[in-house]
Amino acid sequence: MKNSAILLISCKDKKGVVAEISNFIFKNNGNILHSDQHIDFETNTFFMRIEWDLTGFRISRDKIIEKFKPIIKKFKIKYELKFSDYVPKVALFVSKYDHCLIDLLARYRAGEFNCKIPLIISNHPDLKDIAEYFHIKYYIFPITKENKISQEKEELKLLKKENIDLIILARYMQILSGKFIRHYKNRIINIHHSFLPSFAGANPYKQAYNKGVKLIGATSHYVTEELDKGPIIEQEVIRVSHRDSLEKFIGKGKDIEKIVLARAVKLHLENRILVFKNKTVIFD
Amino acid sequence: MKNSAILLISCKDKKGVVAEISNFIFKNNGNILHSDQHIDFETNTFFMRIEWDLTGFRISRDKIIEKFKPIIKKFKIKYELKFSDYVPKVALFVSKYDHCLIDLLARYRAGEFNCKIPLIISNHPDLKDIAEYFHIKYYIFPITKENKISQEKEELKLLKKENIDLIILARYMQILSGKFIRHYKNRIINIHHSFLPSFAGANPYKQAYNKGVKLIGATSHYVTEELDKGPIIEQEVIRVSHRDSLEKFIGKGKDIEKIVLARAVKLHLENRILVFKNKTVIFD
Amino acid sequence: MKNSAILLISCKDKKGVVAEISNFIFKNNGNILHSDQHIDFETNTFFMRIEWDLTGFRISRDKIIEKFKPIIKKFKIKYELKFSDYVPKVALFVSKYDHCLIDLLARYRAGEFNCKIPLIISNHPDLKDIAEYFHIKYYIFPITKENKISQEKEELKLLKKENIDLIILARYMQILSGKFIRHYKNRIINIHHSFLPSFAGANPYKQAYNKGVKLIGATSHYVTEELDKGPIIEQEVIRVSHRDSLEKFIGKGKDIEKIVLARAVKLHLENRILVFKNKTVIFD
Amino acid sequence: MKNSAILLISCKDKKGVVAEISNFIFKNNGNILHSDQHIDFETNTFFMRIEWDLTGFRISRDKIIEKFKPIIKKFKIKYELKFSDYVPKVALFVSKYDHCLIDLLARYRAGEFNCKIPLIISNHPDLKDIAEYFHIKYYIFPITKENKISQEKEELKLLKKENIDLIILARYMQILSGKFIRHYKNRIINIHHSFLPSFAGANPYKQAYNKGVKLIGATSHYVTEELDKGPIIEQEVIRVSHRDSLEKFIGKGKDIEKIVLARAVKLHLENRILVFKNKTVIFD
């Protein structure tokens, strides 16, 4: 694996933006590994993900933004700069369902995710032994209406201490406060067990069952203050029929929850997602 | 193709119902070709679709119900009796979009549907030449707020005259009145261009586009008085991405609209659908 | 959950077979819970899966076949009789890949499978700690060309001792001998990591990658003496593109391997599969 | 719609290629609308599709290649240059099946394809009336073993006369000679009614039915001299079960044949396909 830099960019579309960015990298002896762009013609917005090999690149990492500044100013660019050898720290939030947790940790151990998972936070003790088996710290923060705000404060303290970059709600059955969410804007990924926007809120499988749909879905999205309304990252569906009881809906749904959540996590960790106006641009 | 009888049944589940029905057919020298049943354990309701060869069957068609009466009474059965050699008469309702219409008529001509389509009704003249090419009568009933009720009356008169059994709304862009619908309960199939219950009502592709979903869908359902809320017959989805403009959403969506509508029509014409509490039981 | 009996049946199609079987159950006070049948018109073969509640059934389990004999003889029926409260014993065979093993064991622990898994057999020690975590015995039988036959003998001895009903090859990378397979006819389920019959044999992902297919697949099937040619139970595919490296093919493939294998195991354990002429009839 | 130029490029990957190409366009006052690239790391090959607005571009169309020459030479680039306002001429080849033909022509009339279809060639008269309805010339070239070479010569003459750019085999049931194919390298698209490489050759649905697969597929590909072995453009599958007769396989298959062929045609007409070593790179 090469060490590379990844630039995620958005700005008003204007002549020359691709050329100037490509040139900036080339002139400084960078070899472009991937470059993908997208223009939203409705809003005339330009998006780009460009990744280049750092071997032989003439600018040191900490100086890249400084040297890139003139282009940023010229095109009024919003940017994020990432390095492929940076290993993000990830915290998992869980409650009692274990299927997403085991799936994520098995993938993690198999090397599917470029991250470090130092800890799991839960409002219940139930999944502690899974954490132990995978040698990951497990913190229990029971949540009640009364203690929610103080518990979230403690959680935040812990997350800061561990330098957490990304939070994954792996079927965490508590609603996070707006205050908490603002600390991790576009850095909390949730899996909702329906094909959003259908069946937001509680008991989506029950809702789907009662409605008599012929396909059920799962949706991974960034968490925003409006419940189940954040930018969608990935969705998948699976066929059901009248023969499927509610229990079968839940069983089939679990299979796609795991896949949809894992895909979203991978996309985020590979710096392939740009959020724009409550939608995602995904450079895959 | 054998001439067969098809019995669609629902009743409270009770010991012996399968045995008595099977026996009734067997004793009268009928050979069962297909038999499928389903129990809804929540409501303890029994559903059955049973089809038997009429060759050598000892009861003439018009006497079957009479002879079957004791079983109907014993189990308080709701039933429909159909004959495979009956060719239902179907009316298509269209507006300006032609993709579903052409697709249905091409399938019809290729023999995919066991039905006769004597007429097309439209509120616009646009698709008349397609009707002509396929040698089907095309009636234009322009609809305004003012004339809607009187036009529907005329339409109903025409439908009765032609002995229409089934109405297919192949992207018909008018909302039918409750009065009209009651004449064809569970006999009007609509195609809605979204994955219901998401994006009911107008402009579903625009809604889906704005929401940033990663899959778009189509739903065929029986029309009820509540708009886009009738029993779902079939659904399908197709993947979209941020690269797809609204126009691409519409283009991709058309492909699944055609398939989903055609599947629903086929299921209905083969007498495979039972409606129960705003859901469908589909014996496929 | 009710205790029920399940009869899986095949015979030449003949008038009265459904009626006589239904009647037999009804007369003896059995309540039919599910009944599904299928006729293969090419070979005129009748298949049935019928399940009835044993509560109040007048024939004791061990006498059912005896009492059912006249019908068996009359229609020359091949049958299997199963009881829903029987818990089959299952052995898992693995090598070094852990994704299917962990997935199966997590589902097992979550109660998705009606079975007992007393042991895992492997030709490598690598996955021992997973077995330990799930408290399942792990036996290592290293396989070489020379010791294969004697090792299989030992394995068979162990499987008999543990009364194993079903063997699951969860990415087991050894080819079983015909002799071994004959001991477990239609009772060994394999997962092959391609959309069979494409890419049978070694390195299917490499083959698929070189061919440039746009979808890759996974296939679960019963093991027969011809490699990767046994009756197919379940298949699934996932989209790939030129952007996907061979490693990505393998990663995406793993996701469907897990699902396809788990579905096949479930279908087998619920006695929903009949094998007929190297194909499966699946009563779902 | 803007008039744009599209450059499809492949070469050995080397530092600076993106930058130099982007720069070339920018310096000459072109606004890049889309730019997508791909590196095949196995062969170290660089692929690019770049599209720019011609409004205000300082080089006239016929001079672009000349001015671009230095970059072509420096990187040893293979290229194709296309213009979005060029309307390719397309010939359809058909035999007796009408589903793909009607579907393509209905899409064509609805404006889905950027092309002109001046003629249809068939070895049978059966589909002539469809051609007439859509006002397209229909030429009949009956093919026998004896006259095949001379008939192909006549066909080629006609295709040249009409300046045909692309040939679509819409279920054309004749095998084209190598000689014919060489005239239209990577410009003949076929639809094969199986999930290739499974079930190449004759009667793929029958083969699939006999094998007992649980999904059937369709594959669109460029025609090469080896039958059904050309570069795959697009594939899709649909679920089948033991309940589906061979006729149902064929019916379900038709639905995906139409979609898969239409997608491939669209990709080709939008200049999104690069062929490399019997595989396709698809810039979607």
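Letters A, B, C and D name the chains as they come in the text, with residue numbers starting at 1 for each one.
Throughout what follows, contacts are C-beta pairs under 8 Å (C-beta built on N, C-alpha and C of every residue); 3 or more make two chains touch, one makes a residue touch a chain.
Since the structure is predicted, the reported quantities are computational estimates derived from the model, not experimental observations.
Chains that touch both subunit A and subunit B are the following: C, D.
Using CA-based centroids throughout, the chain positioned farthest away from subunit C is D.
When the CA atoms of subunit A are superposed on subunit C, the rotation angle comes to 180 degrees, reported as a multiple of 5. In terms of their C-alpha centroids, the spacing between subunit A and subunit D amounts to 37 Å. Taking the mean of the C-alpha atoms as each chain's centre, subunit C and subunit D sit 42 Å apart.
Multi-chain contact residues, meaning those touching two or more other chains, occur in subunit D at positions 243. The touching residues of subunit A, when paired with subunit C in their complex, are 98-99, 102-103, 106, 110, 112, 133, 243, 251, 255, 259, 262, 284. Note for the complex: subunit B touches subunit C at residues 15-16, 18-20, 22-23, 25-27, 29-37, 39, 239. On subunit A, the positions that touch subunit B within their shared complex are 38, 40-41, 195-199, 211-215, 217, 231-237, 241-243, 245, 278-282.
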